[in-house]
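The next part holds the structures, each set out as structure tokens.
There are two complexes below, and they share chain A, which is joined by chain B in the first and by chain C in the second.
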Partner chain A sequence: MAIKRPKSHTFAIGLLGWAIACWVFFPIAWMALTSFKTEVDAIATPPQFIFRPSLASYHEVFARANYWHFTLNTVAISLGATIVALALSVPAAYAMAFIPSQRTRGTLLWMLSTRMLPPVGVLVPIYLLARNTHLLDTLTGLGIVDMLTNLPIIVWMLFTFFREVPAPILEAGRMDGASRWQEMTLVLLPLALPGIASTALLSIILCWNESFWSLNLTSSQAAPLAAFIASFSSPEGLFFGKLSAASTLAVAPILVFGWFSQKQLVRGLTFGAVK
Partner chain B sequence: MPAFVSDANKSRFRLFTLATLAASTALGSAAARADTTLTVATVNNGDMIIMQQLTPEFEKTHPGIHIRWVTLEENVLRQRVTTDIATSAGQFDVMTIGNYEVPIWAKQKWLTQITPDAAYDVSDILPPVREGISVDQKIYALPFYAESVMTYYRTDLFKKAGITMASQPTYDEIRQYADKITDKSNQIYGLCLRGKPGWGENMAYLTSLVNTFGGQWFGQGWKATVDTAPWKAAVNWYVSGLKEDGPPGATSNGFNENLALFASGHCGMWIDSTVAGGLLFDPKQSKVASEVGFAPSPKGPYGKGPTWLWSWNLAIPASSKHQAEAQAFVTWATSKEYVQLVAQQKGWVAVPAGTRASTYANPAYQKAAPFASFVMNAINTADPNGQTANPRPYTGAQFVGIPQFQAIGTQVGQIVAAALSGQTTVDQALKSAQSSVTRTARQTHLGG
Partner chain C sequence: MATVELRDIRKTYLKDEIIKGVSLTIEDREFVVFVGPSGCGKSTLLRMIAGLEDITAGDLLIDGRRVNDVEPAKRGLAMVFQSYALYPHMDVYKNMEFGLKLAGMPASERSAKIRDVARILQLEPYLHHKPGQLSGGQRQRVAIGRAIVRNPKVFLFDEPLSNLDAALRGQMRVELATLHRRLNATTIYVTHDQVEAMTMADKIVVLQGGVVEQVGSPLELYHHPRNLFVAKFIGSPPMNFIPVVVETSSTESVTVRLPDETFLDVPVDGSNTPAGTALTLGIRPEHVALDEPGLAGQVEIVERLGAATLFHIRLRDGQLLVAQSDGAADHPLDSGVSVGLPPRHCHLFGADGLALAAHARHPLLA
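== the complex of A and B ==
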């Protein structure tokens, strides 16, 4: 039975929710707003909420850089890295969830511990590896690094989702003569699909927004949107309008993508949370 | 939807992903085989953007050479090119680097010596700039543009307060002017200075301030001298000036923030790079374009000392596989013909400043840029190797020409910013700066 709450309570919680949402969204809204200002308006103090909108920053951004080249690179890297990561982590998470050994827990923690190292700590070794394997400034090179960086999180998420699937269902499949492969692909995957989808979405978003390796391992041919944004920041001269326009263009596709898939994302992230 | 359609779609999608990956790699290598493509790393400054726009002109006169640009923010660029050059990865054929890096990298044998032909006219490059790119009389980079330091002020505010700027102001005078102009209720701040911590931000200004107050970073034998009386006097002047007459939150103001404050009419005076002149006099970027006055950089009690000089230069890393083509490009982009080309296409006010005497000798340029002769004088008389009050074991005006300075400068920059924001006193700050510098010097075996 639902617990009845006083109306004022619900109102207060609603208000708090809205306040937090506005607070979180404000920087993004401000960025979008600034992108329609001229450079002089963009730096005005006090900041202007009402101004004459201008597309000048967007014109300049499109004139100076090939937006589509950067976007295609980002799409290829995000999708490529996510697909390969899923192909590796589904069997790994399956094994850890259903055929655990004494070392499973340790392995999981060890995988996660690689995320605790600041990336700059391994910049030189990774850069040298990429140089020696001729993977500098290639989609494959950056894709592999992005994939490896996200792998621990993906395995952990899938592991958590798989654990929610009752083992007797898999057992029943095995009783009917399913092989391990069939058990994984025909029984487990359909059941855990919302979880896998949200993991894939998260991985795409993480790859999309990754900037450290994007800036360090690429120069021109494989440069993704992070490099596109970085090229509009300047130590000398006004750039807030152009930088905001470039950033808005860079986050727009992933924002739209996230908007359409939010149901899937929320369902996946709360999967198994409420029984 | 029938199953086979969906399958076909899926495989089409896979094919597309694979094809995108393969095609972009293949395309890149095919282009490199046919012609030479130079990868040029640069910063996103106005002069460099014009250079990018004029690339087709270079490609027209140099068939077979193509230019690919990598534009990055200054700090990101520095990290990116340093990683590349230190590991000889050869990702870049031309790099944009400062006169801080050129001698250090040349000594590491990371840069190729450049030998321009007679038509290039090396002697036309202003002597202090030329000196900054040379090691043992050999040139390791060519200067794209250069800057020194000057005082910008608002002529209307000075008039209103009934004061006039001295032809060579002292720091005491600057403080008196600032006190008279400041009107915090109307958001007018007499004095804007860099406060953002960083070796190239607040410490660039403070290092030159300390020099003219008679201080320096190291004495003979690389003994740190950060807690000496001249440092105390200089930092006290800086902290009290900014507290009394500066904008709120000065610790987050770097060059750009101060430029924005001045351009929107909130600063009475600003002491910073000469490159701001072109931006402040441009009515499209500045609300106070018709009220900007300029004066030399102020002098402190010592009065002499090394003076600020920064240049952005084009250098060729030794790891580049296209040395000859890269040399063709850097000589083109820093030549007299390039200056003429910019003048033709973008107007004289847009030509790269501070490098060539011939640019300043041109009457069209003098007319277009009212601050031109002033800037030339500032750069021509800049002496980054000038004598500090006591003998010093290093060179550089607004930096110390050693690899450790990036770390040392940024540490001390943070300590000074803490004093500026009132977290510590100036005495405490300089005491901890002294021990921090001494520690880093010892750890990195400065002076052997």
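== the complex of A and C ==
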């Protein structure tokens, strides 16, 4: 660090950081806490911080729904959508970064603009498309929609990473006799691997957490964890204990995954910003 | 080995013509340097020869074969980039091996070739280092090695020394010249540094605004610049220019009136320059004769380079003239001095910038 900050500053920034982290993490912590309460404790006013932990909610959740079925669906959709999205985005981002045309900028912005559209706006057409192609409640159907919604972000991220690779290195490859394909696989991909990894991580997380299309396009066969959570907010009334247990079970894997890959993620998301 | 021929090569990029019709023949084993100010199109021209840029119009021939639409690697060229452009994820050995591998050369042959080149370039101890672990000079050598192993017909260099510090640049210049003599390959070298151009080239191509200003040997360009641009661009410190007016002219010589109303008889062909024409007289600093009868002025700045001394002399009419003298020459600051302009070293340029043909050739060029 070039500039030395006074110790009190560092302390204040640290304190602020922790405060924001606690504030952001509180709902998740509260959810995890509630999942270990009995239903009576869960709705007690004032809210109880000290209580007798119980696994009753978990037992009931496991008894009522097949957690592993939903988890496997989510894993399959997240991984599948991410792999297909990368396979499509790498060539697209390569072309945009290294062989730009006059329309490249516009195309990129247009792609991003599709993310600004409220998904509900295209619910009916997408639903009908899925129904008519017999993709309703299938892993393929939801996977395709998840993949397409994330495609703009993935192309954008890869585009930014690829642009950090100096063009002469690829040209050197071409002078050495590499075809476009070899240039991409043997020169570009190894160099952009950290960026591709963080893009993949982000895509997995986005797919995992996606709920709108999950709830609207699946019912039982292909239902992912989002549907699993939703199934516990029943019309007979809210059972916060069970709902929290289900939610905790749904987010736990991705939370652990995110924890272990956070270095890679932060590095990826701030890439280029700190050159 | 190989000849390279450019026939009216043009490049248009977004409606702008960057290369405006370049015709040039590069002989076998020749070391040709493209030189010019930044933006003159020299790098674009090199990249067009390499195949990294499309050729909008014209023909590019290598060994008599039209290669406009041939892929870079199939043109039999190798290129050394300004930024070295080594593959950062591969060690030195693999950097050099990459092209050979793609060409399908057997492993044993590859290994023998790479070790041979590594020995020539003194890279043997670094074969298993990544580019990031090497110094600038070593990276440069790896880039050259990567070009050499492919045994190309023509070497292309795009400002290869501009990222190195002055001392290393001088050293690499000698190494490159030695290497060229050893490999005897046709070489095209792009630089904006005229010292590199002068010292290494068999033939210099001066470019400006996408047009070839002059092609010739270094001394040809130095002593017989075709126009004002080349005269200004080649030579350091640059040539001095003085506005003059033609008094009388003949095919034998032109008599011009200097700013101080004295006359000078310059031995150039004046058949198209009638009396009264405004011309520009050019003279190199080392040809300005201090303490000889001529223009009067005052010493304003003295730059002592050791072996030589540069005197910046303010003439009566306010113009600054640079005179180069030996290292021992002594003229105190602000002292009055008279500078002679030896006619045989004077160049005359017309209003169109073109030089009037001199009668005498430089002895080394005769």
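Rule of thumb we're sticking to: the second predicted complex is superposed on the first by the 271 of 275 C-alpha atoms of A that agree within 3 Å, B and C clash if a C-alpha of one lies under 4 Å from a C-alpha of the other, contacts with A are read in each partner's own complex, and residues count from 1 in each chain.
In the analysis below, contacts are C-beta pairs under 8 Å (C-beta built on N, C-alpha and C of every residue); 3 or more make two chains touch, one makes a residue touch a chain.
Because the structure is a prediction, the values reported are computed rather than measured.
Undergrad: Overlaying the two complexes on chain A, which is it for chain B and chain C: clash or fit?
TA: By the criteria stated at the top, chain C and chain B fit after superposition, with no clash.
Undergrad: Can A:171 be said to touch chain B (first), chain C (second), both, or neither?
TA: Touch partner of A:171: chain C, not chain B.
Undergrad: In the superposed model, which partner reaches more residues of chain A, chain B or chain C?
TA: Comparing touch counts on chain A for chain B and chain C gives B.
Undergrad: Is A:157 in contact with chain B, with chain C, with both, or with neither (first, second, both, neither)?
TA: neither
Undergrad: Does chain B (first) or chain C (second) touch A:182, or do both, or does neither?
TA: After superposing on A, A:182 lies in contact with chain C but is clear of chain B.
Undergrad: Answer with first, second, both or neither: which of chain B and chain C does A:190 touch in the superposed model?
TA: Only chain C; A:190 stays clear of chain B.
Undergrad: Using the superposition on chain A described above, determine whether A:72 touches chain B (first), chain C (second), both, or neither.
TA: First partner only, chain B.
Undergrad: Which holds for A:40: it touches chain B only (first), chain C only (second), both, or neither?
TA: first
Undergrad: Considering only the touch criterion stated at the top, classify A:124 as touching first (chain B), second (chain C), both, or neither.
TA: It touches chain B, and chain C stays clear.
Undergrad: If we overlay the two complexes on their shared chain A, which of chain B and chain C does A:250 touch? Say first, second, both or neither.
TA: neither
Undergrad: Taking CA centres, what is the chain B/chain A/chain C angle in steps of 10 degrees?
TA: Value: 150 degrees, nearest 10.
Undergrad: Just how close are chain B and chain C at their nearest CA atoms in the overlay, in Å?
TA: 17
Undergrad: Report the residues of chain A in contact with chain C in the complex, numbered from low to high.
TA: Touch list, chain A to chain C: 102, 166, 168-169, 171-178, 182, 186-187, 190-191.
Undergrad: Where on chain A is chain B touching in the complex?
TA: Answer in residue numbers: 39-40, 43-45, 64-65, 72-73, 76, 79-80, 83, 123-124, 127-128, 131, 136-140, 143, 215-216, 219-223, 227, 230-239.
Undergrad: Report the residues of chain C in contact with chain A in the complex, numbered from low to high.
TA: So the residues of chain C in touch with chain A come to 14, 50-52, 71-74, 77-79, 81-83, 85-89, 98-99, 102-103, 146, 150.
Undergrad: Going by the contact rule at the top, pick out the chain B residues touching chain A in the complex.
TA: For chain B paired with chain A, touching residues are 17, 20-21, 24-25, 28, 39, 41, 43-46, 49, 52, 68-74, 76, 79-80, 83, 86-87, 89, 91-92, 187, 200, 254-256, 259-261, 263-264, 266, 273, 275-276, 279, 284-287.
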